[in-house]
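Here chain A shows up in two complexes: once beside chain B, once beside chain C.
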Partner chain A sequence: MRIPNIPLSFVTRHGSKAWPLGLTGAGMLIIGSLLSWSYDAQVLGNLSISFNPGGLQRLAIALALFAVVFLLASKGPLVRLGQWADTALGLRALATWTLLFMTLVVVAITVEAGGLINVQPGGWVSFLGAMVLFAASRLVMPTETRDLAEAVLPGWVEILVIVVIMAGLLFGAAYALSLDDAWAFVLFLVFVTGMAVAATRAGLLSWLGHVTARHKRVLILASFAVAFTFPLTQGGSDANMSIASQVLVFAAAAMGLNIVVGLAGLLDLGYIAFLGAGAYVGAALSTSGFATIGWKPPFIVVVLVAGCFSATLGLIIGSPTLRVNGDYLAIVTLGFGEIFRLTMFNLDGNNGPDLTHGPNGIPAIPDLSFGSFNFGDTHVLLGIPLARFSNYYFLLLLLMAFIIMVFHRLNTSRIGRGWVAIREDEKAAEAMGVNIFGLKILAFVIGAFLAGMAGAIKAHQDVSVTPDQYIFLESAFLLAAIVLGGMGTIVGVLVGAVILKLLPEKLRFFADYRLLLFGLLLVLMMRFRPEGLVASRRRQLEFHEEDEELAIRAEGDIAEKVQA
Partner chain B sequence: MTAMLEVRDLKVAYGKILAVKKISFSVEEGQIVTLIGTNGAGKTTTLRTISGLIRPASGEILFQGKRIDTVPAHQIVSLGLAHSPEGRKIFPKMSVEENLLLGAFSRQDSEINQDLDETYDLFPVLAERRAQQAGTFSGGEQQMLAMGRAMMSRPKLLMLDEPSMGLSSLMMKVIIQTVRKLQPQGTTILLVEQNAQAALSLADHGYVLEVGTIVIKGTGKDLLVNDAVRKAYLGED
Partner chain C sequence: MDTFIQQLINGLSLGSLYALIAVGYTVVYGILQLINFAHGEVFMIGAFGALTTSLVLFNGNTALWTLPVMIIGAVVASVTTAVLMERFAYRPLRNAPRLAPLITAIGVSVFLQELVRLNYNKVPFTSWNPFNLPDAKSRIPFPQIDVVTGPAIQVGGVTIQRAAIFTIGALVICSALLWYFINRTKMGRGMQAVSQDADTARLMGINVDRIIVVAFALGAVLAAVAGVAQGLQNNNIDFRMGFLAGLKAFTAAVIGGIGNVEGAVLGGLVLGVTEAMATQYIPGQFGGGPWKDVWAFVLLILVLVFRPQGLLGAKEVDRA
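Let's turn to the complex of A and B:
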């Protein structure tokens, strides 16, 4: 969000007032949040008790404290931080989002409780505080900062920072899933976005990028530790774990598609068919009474067969179409997705062999069991019951780790380099000796294989497999997750997948406008951040070429160097 | 002795239009051979056909005595024939080092890093900026990168398509010097140029192409003093 700047003359005249004004605003925000915001205890969780802040009030306090940190860094005890971080830009972004947050709180209380009268004085104090903070932030003068890439803390402090942030993510995710109220969920999103934008503007996020690059292993380990402990935060509730494991299936498929689209640059609009093919194989080879194939191999074999089946489909559809250029591939894969769905719809014994039971699909797929460990049972770990979906969540997490490893290995290998070359300039890549067709096929087949594996697990998790789960819209959503998050990145696509799958679950009242909102979201993304939420270095350059005038030096200069 | 590269009665067509009309020439091992000619003479088409990016309508191309006109482009590179294409065609979003490593894409041996160092020795500018995005380079630097990239496949024969295109005269001298440096290292070079003066002064042999046919051929020295060549390409009366 960008708001026009105040004339410089005004800022220079009143700049000295920014600091006390800002602290006043933040103070008011905190005091207001300690008081009651709303008469109605049913609204937005309970915000009605003074000196016992509810969830949203705590978020407001967190925003205010972050603002105080920025203020004290520009003048005060934290001034050493101010030498590195751009406090002025950070504070501006933070104040803007805080004001939006408090405005939405007032609107939400008004709407949910039926009238502006329901906002208690505490709410107004906080709202006013946000306005004062906003005004102060406009008066702050930007300062010169040093390059954050040089800011190196002792190793253990940096590792601690990573651990704290990962723990914050864990609690954030658990808190977000526990919010039943759509308004509260939206407000939480505003809070997270505001914090993230402020940290980015201040340069803290790029510093975090340097830190994580220095401690890659710690980051990876911490990420998986957080992902594995997540079910333990749910206190035995399986409802949220059901959402979480659906998110994981979606994310696994998106990551597979990311190889095809993000790395090799092949637009595949029928990718969901590969997930579907895997799911049908998983169902047909399961011990369900409705399974259509007599062979009942162990699940490990089923997963591999499902992957291979999808990969074969990928090979069949890929070999004729990958010889042509991008747009044709998109059309052919779009068609292939529909052909797959209609074929599954029609293999019901009337129009062909009875492999899929047509529109009825294959129901009653039993839960997986490895030895005595049945995925349908509730198991107790550290005193916390982990029910059915938690079990699938863990299995999917393993699959996810595998897919991420494959993705990462490919991305940094010779093959990955070849893919990037193909994406950038096919003709030049060919002249370099890159086997264009072979590498394209490889991307397509690997992507299909991974989706097939995910599909086999999905079949058991969903209990039944029907053709209508694999419509074109799902392919489009997978693609949207990649575009939204950041093509060719791991973190970006994970974020994109979580957003696209979690939002519709939490914002059920938007259900009718879901597509409209996604369309709007994508249009806005293309306008303001075409490289995705998390951009790969290369993509960022692709979309912001005007920034790279830096290196064009006089030719004579170089000529001298070469001659010397 | 058989020639390193031999082109026999090569015809290349774009649809019904013949771009190259039955040309024959050869490149001996260790030589610098140049094809000169104006725009549209068929020089670039000839190189692209040799490296397998276009298929000939008829004729034969032999590389070290083996026919390569039906071999896929990516296998031709591993046979030892590198092509630094017209307009340089570096990968602008990749770093210098990634560009060079792509040049070695056809290789899977363990000496790639060693060759990387050698390329950096040859072009110190590239060494200084190995992590920089290649698209931010000037034309001359891009040309050096393109040549370095082609050398990374350890070619026996290096084909350079208009390395002087769009460069200042100073930069051009640098490029020409580099080409000279490559020859004693045992690399055979097939050079395509519009800048006839520069190309002929380098070349052991030269061929003049006009609208798809070879009209004059001879040693570089002879062509430099040839009246027809002087009139048409060296701008002298």
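Let's turn to the complex of A and C:
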């Protein structure tokens, strides 16, 4: 989103007016939000009552307050913050997104309630406020800022910041999932994106990067605490937990693929087959009445067998193709994905041994149970009932932690550096004595193994396994999650997976256009931000080789890591 | 013996289809080292272009003289798609890491499929359908043109479908024209030069950008012909037809030696015949129709193991 700049002469002449203008805009936004926005009380939650702001009105107030902080930091009591944060850039981004937010609110009320007439004066005041704020933000002059790496707060304050942000994430996620209205959900997304973009532009996010680098343990602990407490915010409802556990399966598979694509740079277009292989092993060895194999080992063994089975398939498919050009690998894995699906489709007793019941798949897979803990039952924790999907959610979270650990340990090891070397220049790596073929196979097999494990759990969670769950499009979705989030990063891929899996669940009104937009998104992403939403500096550099400034910053990052 | 000849002819007609599509992969790959994953969709759009031409201009008339017009319609649709795709999706990524254009290609492929599925019979975001076109969400019957379709021809114990003759004939004519274009015209020789060494070709005054566009268009022309042939052979077309056909055609291009135009034609025929023979001669439960796609991909893997440069490709030392 790039808006043409106003001529510098105009800005210098009127720059002094930015500050009062901005405060006026923010004030109008807040006042408008306290008044009624909509005549119709049924639209977007209830926005029709004055002096009792509804959810979206509170979001507008939050945006305005954030803008006030920026304004006061550029001139006023918070000026010390202004030395560090780039308030002008932050304010510009924030004002742009706020205007978008308010425009969408007006559009949403018009569309939903049937006519512009339904927008109450409060809505117009807020909308005007957003426009004034936008105008003011274009007049703010950028200032010199100091290096954020030097901005060190006392240790406990920094930890507190991490905890507060994590708590914000938790409640934000719970709030987002509770929004049933598609418009409200979109507006919430606009709000979150606007806040994030503004924070990034102002440099707050890179400061946060420095803080989390200093307190890595706290961050990891806090993230898992948030993930584990998430089911408790649902008040016993299993509907959202069903979505959440599907997101986790998807994210686990995406993280496994991230090892193959993101770290080793091998494009695998048939990855879903490894997940499917694991799921079929899990189903065939389960106690379902339709299971086709007589052996019923405990689930731990099944998970390992599923992983090993997938890994073996990976070895079979990888060993011939990894010797040749990487492009072939993409197509051969694509072919392999199709072979897998067709084989599962065909092994129905007529066209081969009856292992999978063909297109019908293996249904009625029973819930897991460890000892007396059955995953199908509802358990009560802290007075909050946790039903079936919550149980699977916890199990998948453990798997996720394991996969992230494997990912992280590999990435920072000798092996990981070997992969980076291969990814960037295979010839040079080989000349330096990196075992190219061995490392590629290793990446491929580890990725397959992890997917197999996830698949075995997925089989139980989904109750049935059929071939049509493992079509090519699913592989493309996994790949898209990685590309969207940021190849080779942990946070990025998690973000990508959540976005790609959650959005279709929440935005059913454009269900028909989902794939169209998905294709377009891939193309635009590769065109404008190939490194993904959350990109590691090194990755960014791979895609923008000519960017000198970026190279210097990337070097700074490495230096910081060495010191730490 | 009759069954053998029968399967050979089935294989050749299937293989001709693969060969026509495979040329598009191989030409683009030879110049850009890019797997144009969306080429299968160009083929699909060619078939829809022909269908649209027939429905809009001739109201589904099946006289033989409409066929050339349908082919022109198919070619226009395919070439437009391919050229736009090159211009807006691939050209901006000319110098990006290799993963980027491949992912773009997947995106383009999904986008085009969905575009046809959702918007074939209506102007986007409206329900306005000026030409009363059918809904593309399910299979659409393809006009069965007189003479080139109809009762099969019996030669001894062998049944030859008329559409098969059309497909094989189309391949023969297209290959001849293609050979002439590549070896005897200035543009074709420019294309060869660019595929050997783009930088040197540029220094010799060849407009590389234009050559690339021509390569995409050339592939699209053949894919459009293949789209018409597919419609005549199968009696119907749908928006998904490009995926598997594209995959098979790429396999054919690899089997023949990617980057090599003769190889693509040969690879297509070999793949088609292999599939037909596997259907007939692999005994037991793993033979027959349901497994033929599997055997095609097994052939691809075998070729990559034992002869990665393909049947006609020269041994290459460096293609990392």
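FYI, the second predicted complex is superposed on the first by the 548 of 564 C-alpha atoms of A that agree within 3 Å, B and C clash if a C-alpha of one lies under 4 Å from a C-alpha of the other, contacts with A are read in each partner's own complex, and residues count from 1 in each chain.
As a convention for this text, a contact is a pair of C-beta atoms (placed from the backbone, for glycine too) under 8 Å apart; a residue touches a chain by one contact, two chains touch by 3 or more.
The model shown is predicted, which means the values in this text are computed figures rather than measured ones.
Undergrad: Given the touch rule stated above, what does A:Gly433 touch, chain B (first), chain C (second), both, or neither?
TA: first
Undergrad: May I ask you to decide whether A:Gly418 touches chain B, chain C, both, or neither, giving the answer as first, second, both or neither?
TA: first
Undergrad: Is A:Leu34 touching anything from chain B or chain C once the two structures are fitted on A? First, second, both or neither.
TA: neither
Undergrad: Which chain makes contact with more of the residues of chain A, chain B or else chain C?
TA: Between chain B and chain C, the winner on chain A residue contacts is C.
Undergrad: Just chain B (first), just chain C (second), both, or neither: which does A:Val483 touch?
TA: Second partner only, chain C.
Undergrad: Using the superposition on chain A as set up above, list the residues of chain A that contact both chain B and chain C.
TA: Overlap of chain B and chain C footprints on chain A: residues 427, 542.
Undergrad: Note which residues of chain C are touching chain A in the complex, please.
TA: Touch residues, chain C against chain A: 33, 35, 89, 92-93, 96-104, 106-115, 118, 243-244, 247, 250-251, 254, 285-286, 288, 290-291, 293-294, 297-298, 300-301, 304-305, 308, 319-320.
Undergrad: Spell out the part of chain B that touches chain A in their complex, as residue ranges.
TA: 51, 53, 72-78, 83, 85, 89-94, 98, 101-103, 105-106, 108, 123-125, 129, 132-133, 135-141, 144, 149, 153, 167-168, 170-171, 173-174, 177-178
Undergrad: In their shared complex, at which residues does chain A touch chain C?
TA: Residues 261, 265, 267, 269, 317, 320-321, 323-328, 330-332, 334-336, 338-339, 342-343, 345-346, 350-353, 426-427, 472-473, 476, 479, 483, 487, 512-513, 515-516, 518-523, 525-527, 530, 542-543.
Undergrad: Which part of chain A faces chain B closely enough to touch in the complex?
TA: Residues in contact with chain B: 414, 417-418, 420-421, 424-425, 427-436, 438, 538, 541-542, 545, 548-553, 555-556, 558-559, 561-563.
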